[in-house]
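Shared chain: subunit A. Partners: subunit B in the first complex, subunit C in the second.
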Partner chain A sequence: MRMKLVASVAVCALTTMALAPNAHRNAGGTVAGKVTFTGTPPKMKPIDMAKEPSCAKEHATPVMNESVVTGAGSTLGDVVVYISAGAPSGAAPASPAVFDQKGCQYLPHVLAMQAGQKLEVKNDDQTSHNIHPLSKVNPEWNKSQPPGAPPIEVAYDKPEFIPVKCNVHPWMHGYFAVLNTSHSAVTGSDGSFSLAGLPPGKYTVTAWQERFGTQSQEVTITGNETAKLDFVLKATEY
Partner chain B sequence: MGKLFAAAVVVIALVSAGVFVAHVWWLPPDISALGLRIDRQLDETMIFTGVLFVAAQIALAVFVWQSSGREGAIRIFPGGPMPLVGVATVIVGLEVLTLIFVGTRVWAKIFLAPVEANAVHIDVQAGQFAFYFRYPGPDGKFGVPHPDLIDEGNSNFFGLDPKNDTSARDDIVSASLVVPVDRPVLLTMHSKDVGHSLYIPQLRLQQDFVPGLVIPVHFTATGITRTEIVCTQLCGLGHYNMRAYFEVLSKDAYEKWLVDQAGQ
Partner chain C sequence: MSRVARHITSIAALSVVALLTAAAGRAQTVHGLPREGRGADIKANTHVGRVAIGKEEYKRYCAGCHGDRGDGIGENTQWIDPKPRDFTQAVFKCRSTPSGTLPTDQDVINTIRRGIVNSNMPQWRPLPDQMEADLLAYIKTFSPRWTSEKPGTPFVIPPETPVTTESILAGRAMFQKFECWKCHGADGRGDGPSASSLTDSKDQPIHPYDFTTGTRFKCGTTNADLYRIFMTGLDGTPMASFADNIKGDQGWDLVHYLRTLQPLRTPETILWKTWLATHAAELKPIGPPADGR
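This part shows the complex of A and B:
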């Protein structure tokens, strides 16, 4: 009897310890779903990197333009889904958002971060880049980064969707999604997203795609449930 | 000491001239229909200036040799420095004017000659820091470029408006200049931002891009090749990295390339 009690206490303690690091993420509700499109999306063209042989040789097949990324079943990738209203305010995550320049591409193509969060821009190429985020609300800057240079560390204070270009390689193109919230996700090509750890409340969830604009929906979380929410964006060919 | 200097001047002049005579550093073989004229003109200019250069250096050496160790024997030009400058200006001026006159005639015969009707028309845009080349596509018509619609991140390098302009939809845009062999090619060159320059030594062709101007240039490539085009006008931070490839393909390979590009 006594042994049983000790054993169960031990099991309980171990379970709690195992779950503890994720406890705050698991508490609360989740909004999850898929982003798809209707209509005809524009045809993405291959990028000719012949002028930069060190990058061209990193790609076995030509890299396609990434402004519209689609998957099987009309799913839409690189869509930022975030809580645009009702989100619990919180400090920006301590870990930096990392933007990499590799093979003369921006990885990821769309990077979501919270206002005030540290942003780290790396150059993993054997060529110089000149990163130039075209911000309008936040101060604009552009910085040259030769191969092997240390990461550029910056932070944006105000929410804004910022197109990013390279002043040396015209085809390089990406986005910084600076948001008021840490509750955000960028969809993969399967279009799925999940926003976890939401306390009960009413939220506005917004999906943003660089070519097809934004769409918002309201959702109410009451406990630990997963609310299903799908977005259908209207694609235009041109 | 003066005699040593005179000998050194002669040696330096002859070695320098010898480098040019022996074509140690020279242009790559010419593969253009009209390049021969440029080469001939280049040779004439080199011979003309080369002979004058060697003669001037030898004259200098002779005077130095004669005057060496005879301080006080140095004579001045009759009438003093002003007539010296006057005579030098007239002689050098005549040389330069002769070269300009002869060279311009050769240049004009090539650049101002009428373009053949069957020429392949390629629109060339230079911008910091890449060249882009546009072909009219199957409809044979170029879409109208709108600088305000340029959106490089979406591969719209020329600012085309495919939504409203149907002739723009099939325009082919390439980062390489690909042309068929033995067929006249017309380039219409324009710049998106600052001055750039297109230089293809194999074609004996060099032309600046001037912002605001559309500059026509034509040539006929007579050999299959693949070579690099580099920008030869300092255009900013990434100038060193502004380049493209120039490819001359056989007629069949060129047609296939066009079809492949149109399918993308």
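This part shows the complex of A and C:
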């Protein structure tokens, strides 16, 4: 009986962690909403992976460039939404942020993490990659990771949006969003986000998209309510 | 031995020395390969640098290319390719330390002394040690990283293993496995499938090293320098660090194979050519695996 209870609690905890990897688990207010765009976004082109047959064969249809990910109703994916001011300071989450290389793509395309949080870079491909984050504020490194090599474990100390590329496969590019806070989310293609576990207070919420820049709004949380907050980013064609 | 004979002997000895020296001098640029000489003669600089004096020297010798602000934008920069180093980022190609860490003082001084091959950075050998130290002290003022961070721990390069066919073959397997050929090409010609799309961290096109030219490397000339290059990677360029995947004596295997790609009369090349004469058919070609993996 007791075992069962422990087990179900553990399952609950795991589920919560899985659903909200970056959100605080304690009660509090929530900021939730959608990110959409106005204007004309650039047309994403298919990627030619012919130079890397081991990756090309992993994709039934050509993979599209991911610098602008959109959904039905002008929603915008891969937008980092985070508390840029007013967030309760806290230690970085113990669980690592995981960045996977699979099918010569970065999964996820944009990875948010807190400064000081462990970052784990994996290679699930049959080819060598070199992981080259082009940081300016943090030290710039460039490491090779052959197939089957163990994950590269690093951490970034200072907040920065870092473009990541693989020099061997020039189409591969992504971002590390190193933030001062664990209160962050990366939107899916439906543009929705939710930042939970916010104690009462006044916050600045910022949305960042790699092509369309940043936008900030203020929001006040008084209790356990969910404050609705939408962002409309201006799309530029180039 | 008569006095005359002794005299002749010493003249002969001197001429041999002179010839050898001349040969060694030529070897640096064209044929043979100085195995340890050029690396080993890089003496440690123990002088303490003076920022104020270094600034004046920097203005005289360095600012034309590296710029008054140390940002790599001097009056000559627009005519130069590859572009001069931007010291404000404190990212350096030639280090003895892991990727992403600062170089040691000696690493930077070694770069000043040896220059960077195939670039406009000349060798600054005539500079006195004190001036090198002064310049370094001033260069460090361009980035706050020099005050907030310490240089990384230099890699320890183990003593070189004997050059054997087995070692060269093991190195060749590494060249295939780590996909060095993706950039450096199957023959080391710098013409691999990814070569044409390479850019450095400032989005400038950059070429992978062409082993078949036989020139010295950006960061040295000796086998140990070559070993160090793939361990540290050349930060700011596409050349990654392989330190997580190459350990100990294994690194020498790769060094021995890489030497065979150069048109130099090295022990590696001589051994390899002899072996190839009878065994060439046994080798699988370097490049994408035939099964499309």
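The rule is simple: the second predicted complex is superposed on the first by the 213 of 238 C-alpha atoms of A that agree within 3 Å, B and C clash if a C-alpha of one lies under 4 Å from a C-alpha of the other, contacts with A are read in each partner's own complex, and residues count from 1 in each chain.
Note that in this section contacts are C-beta pairs under 8 Å (C-beta built on N, C-alpha and C of every residue); 3 or more make two chains touch, one makes a residue touch a chain.
Here the structure is a predicted model, which is why all the values come from computation and not from measurement.
Asks: With both structures lined up on subunit A, is it a clash or a fit for subunit B and subunit C?
Replies: On the shared subunit A, the partners clash.
Asks: State whether A:S144 touches subunit B only (first), subunit C only (second), both chains, or neither.
Replies: Both: A:S144 reaches subunit B and subunit C.
Asks: Scan A:N224 for contacts with subunit B and subunit C and give back first, second, both or neither.
Replies: After superposing on A, A:N224 lies clear of both subunit B and subunit C.
Asks: Quick check on the superposed pair: does A:K51 touch subunit B, subunit C, both, or neither? Answer first, second, both or neither.
Replies: The answer is both, since A:K51 touches subunit B and subunit C.
Asks: Identify the partner contact of A:P170: answer first if only subunit B is touched, second if only subunit C is, both if each is, neither if none is.
Replies: The answer is both, since A:P170 touches subunit B and subunit C.
Asks: Does the superposition put A:S189 against subunit B (first), subunit C (second), both, or neither?
Replies: It touches nothing on subunit B or subunit C.
Asks: Using the touch definition from the top, say if A:N130 reaches subunit B (first), subunit C (second), both or neither.
Replies: Both partners.
Asks: For A:S216, select first, second, both or neither according to whether it touches subunit B, subunit C, the two together, or no partner.
Replies: Neither partner.
Asks: A:T40 contacts which: subunit B (first), subunit C (second), both, neither?
Replies: neither
Asks: Report for A:Y238: first if it touches subunit B alone, second if subunit C alone, otherwise both or neither.
Replies: After superposing on A, A:Y238 lies in contact with subunit B but is clear of subunit C.
Asks: Which residues would you name on subunit A as touching subunit B in one complex and subunit C in the other?
Replies: Touching subunit B and subunit C on subunit A: residues 51, 127-128, 130, 144, 167-170.
Asks: Can you name the residues of subunit A that touch subunit C in the complex?
Replies: For this pair, the touching residues of subunit A are 51, 53-54, 57, 126-128, 130-132, 134, 136, 139-146, 149-150, 152, 167-170.
Asks: Using the touch rule from the top, collect the residues of subunit B that touch subunit A in their complex.
Replies: Residues 127-131, 152-155, 157, 162-163, 174-176, 237-238, 241-245, 264.
Asks: Could you list, by residue number, the parts of subunit C that touch subunit A in their complex?
Replies: 89, 91, 98-101, 145, 149, 177-179, 182-183, 193-194, 197-199, 201, 233, 235-245, 288, 292-293
Asks: Would you tell me which residues of subunit A are touching subunit B in their complex?
Replies: Those in contact with subunit B are residues 42, 45-52, 65, 67, 127-128, 130, 144, 163, 165, 167-173, 211, 238.
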